[in-house]
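Look at the two complexes coming up: chain A is in both, with chain B in one and chain C in the other.
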Partner chain A sequence: MLKSDGLKKVKNDLILVGVICTLSLVGFLIFKLTMKDGNRVSVSINGEEKYSYSITDNVETDIITGNNGENNNTLVIKDRKAYIKSATCPDKICVGHRPISKDGETIVCLPHKIVVSITEGK
Partner chain B sequence: MKIQTKKITVLALFSAMAIIFSYIEAILPPIWSAIPGIKVGLANIVTVALLYRFSIKEASIVAFIRIIIIALLFGNAMTLMYSIAGFVLSIAIMAILKKTGMFSTVGVSIAGGVFHNLGQIIVAMIVLQTKEIGYYMIILAITGTVAGILIGIAGNLMLKYSSKRRL
Partner chain C sequence: MKKIISLILVGLIIIGITSLTGCQKDAVYEKFTDYSFDYFDTVTTIIGYEKSKQDFDKNCDKIKGLLDEYHKLYTIYNRYDGINNLCLINSVKDSEHSELKVDQKIIDMLNFAKEMYELSDGKLNIAMGCVLSIWHNYRQDGISSPINAKLPPYESLIKANEHTDINNLIIDEKSGTVYISDPQMKLDVGAVAKGYAVEKIAEYMKQNGMDGYLLNVGGNVRAVGNRRDGKKWTIGIENPDTDDTEKTYIEYLEINDMSLVTSGSYQRFYTVDGKNYHHIIDPETLMPSDRYLSISVLCESSAYADALSTALFSMELEDGHKLIESLKDVEAMWVITNGQQIYSSKFKDYCTKE
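Then we have the complex of A and B:
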């Protein structure tokens, strides 16, 4: 099947992969080069900003969400880094995320619709 | 009439297969838990195979049956939205690239994988009202490419074996 597709198509496939990789690399470089240290840790629930902390704070707080307050994500801010220590969501992706400290970095908990993001602030 | 019956049966068979693929993936642990959304998307093997065996219409019917059933069994309205957005973008780009005739099945599948992730990122940006999440697309473009290659190869094999058995 692959062979009958012809060499030209395979070449085009490789060009496609090259374009995707190049675009990703360029995006990654732009992202890395424009990254600055953040000052504020902002917590949004359902797209609305609910809490805001200074990155220099030492915080350990429970973010309660859900209709009956059944969802809990524990946010920790320590040594100018923010991370989720524990969560009741099924996938625990936010807990596995590395600590964030740079402007624009985010930790997302999709099941609980929580976004923890670092902003430049003042 | 006979052809119609056969087609319905074949599509039902492929739907069942797609649902099983999704089920297997749903019970497997995530590949890399640090970044959400990284999946091979085994069910897309069926989508690619059907796109080539029949057309965009048949591939879409089977994919929608699979998406709805999987959402009812394991998901919710949220996951349904992500699935549909990913699927619509990926089938659209795959049908377009297939029509140009410039790419092999694997190339078409790669574009499908990347656009599937793009669709899900767009929904995430809308739902969470956060454009920062768009940065994930950098990683998801690469993982979508890898998934697309695997799916494309598997789709080819499925086409080969199903045509051998005159399905």
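Then we have the complex of A and C:
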């Protein structure tokens, strides 16, 4: 009697372990998958999000900044990738940056205080 | 026998539950990101998982308040009313009033910088301000007007280098004063101040329950505490060969409660006669050191990671390797000019395939 009770308990525990392991594996896979391509391209100027596009959009747009609108960065979204095609900033680091497409990737234009970032989106 | 089995099971369940709560909490905690351009002349990214935007903003305001305070104390470029900062220390000339009372945060950072000078055998020297400011000016001019880009005359660098003895920085702990005994010497804390400030802020955050945040101050990455969703941060180290369009990242690291700082010769540079001159100056040659494309340092303290990544740039690979292996829980990866990656003994333990 005592023996079979104990065995039953072990059996239940095993099932529980099985369920938990499967769930955590699913969680792990989801985590890994979201590390991949992002869905949105977000443009923030001096910390404020100003524009947001779908990564599937076809966009070529001028991001105008500066007190008198004297600064320009041309953002291109094409083939699920975003990049800065040209800019009036002195260092041109943003123009030299590779196209971005993965969740969490950013292109920063320090002189113009622009961050183009890829987010998971909804 | 039965006891052993249940012990094993308990172990398994604990592992299972930790990962499971990871999934459950995911639904409760949302990811928030904040960008700012007000500190240390670079971009700051704050990422956190919170239940609401208000919770995140509240913590962000505290973090940014501290960044603002440290920035104003440590900057060598601006003066602020009522703040005896590094810029003021550099500009005090009158020998009668040269002992300047400063905030303890400045004294602690300068002491740390002296410690790094010893550790790096002089490769990291905050007393190099006169040399670095010449390079800074020529680089700024060269970036804004590439056609007229010039190298600093070597004689001017040699002359400036006569005023770089860190022993002339005199710190009086008791009276809380700082004094530079060589009136021509200038401090440049660019290689230590940012990392030191980030580490102090990370300490504050941990003490105040702000775990699971990621601070990135211009490439100085600090993962603070453990993430609330039970996961680790994955951080990609950029390929310093910017012409390589295939491979954006050369390594992915998985970290929690650690710092990663990458110093690169590929981002802040200017070009003279087709050759790139970057911003990390070797104290021996007084020229940008051209041994590496990038160096990444991984350890808990952001202060050490920042200082060491700069120091390693001016060290031979063998010497740098020896230094890193002599330090506990500090790892590094060097990318030498031909693109080859060299690792310290346990760096790859943190690498993940993506």
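Convention: the second predicted complex is superposed on the first by the 88 of 122 C-alpha atoms of A that agree within 3 Å, B and C clash if a C-alpha of one lies under 4 Å from a C-alpha of the other, contacts with A are read in each partner's own complex, and residues count from 1 in each chain.
Heads up, the rule we're going with is that a residue touches a chain if its C-beta (ideal position, glycine included) is under 8 Å from a C-beta of that chain, and two chains touch if they have at least 3 such contacts.
These figures come from a predicted structure and were not determined experimentally.
Student: In the overlaid three-chain picture, which partner chain does A:S44 touch, first (chain B) or second (chain C), both, or neither?
Tutor: In the superposition, A:S44 contacts both chain B and chain C.
Student: Regarding the shared-chain residue A:R98, is it in contact with chain B (first), chain C (second), both, or neither?
Tutor: both
Student: Who does A:P90 touch here: chain B (first), chain C (second), both, or neither?
Tutor: It touches chain C, and chain B stays clear.
Student: A:K113 in the overlay: touching chain B, chain C, both, or neither? Say first, second, both or neither.
Tutor: After superposing on A, A:K113 lies in contact with both chain B and chain C.
Student: Would you tell me the residues on chain A in contact with chain B in one complex that are also in contact with chain C in the other?
Tutor: 6, 10, 13, 16-17, 20-21, 23-24, 27-28, 31, 44, 47, 91, 93, 96-98, 105-106, 108, 110, 113, 115, 117
Student: Under the stated contact criterion, what part of chain A meets chain C in this complex?
Tutor: 6, 10, 13-14, 16-17, 20-21, 23-24, 26-28, 30-31, 35, 44, 46-47, 90-91, 93, 96-98, 105-106, 108, 110, 113, 115, 117, 119-120
Student: Where on chain A does chain B make contact in their complex?
Tutor: By the definition above, chain A touches chain B via 1-2, 5-6, 8-10, 12-13, 16-17, 20-21, 23-24, 27-28, 31, 44, 47-48, 91-93, 96-98, 104-106, 108, 110, 113, 115, 117.
Student: Would you mind writing out the residues of chain B in touch with chain A in their complex?
Tutor: Within the complex, chain B contacts chain A at residues 30, 33-36, 78, 102-107, 110-111, 114, 124, 127-130, 132-133, 135, 137-139, 141-142, 145, 153, 156-157, 159-160.
Student: Going by the contact rule set out above, which residues of chain C touch chain A in the complex?
Tutor: Within the complex, chain C contacts chain A at residues 2, 5-6, 9, 12-13, 16-17, 19-20, 22-23, 26, 31, 33-37, 42-43, 45, 143-144, 231, 234, 242, 245, 248, 267, 354.
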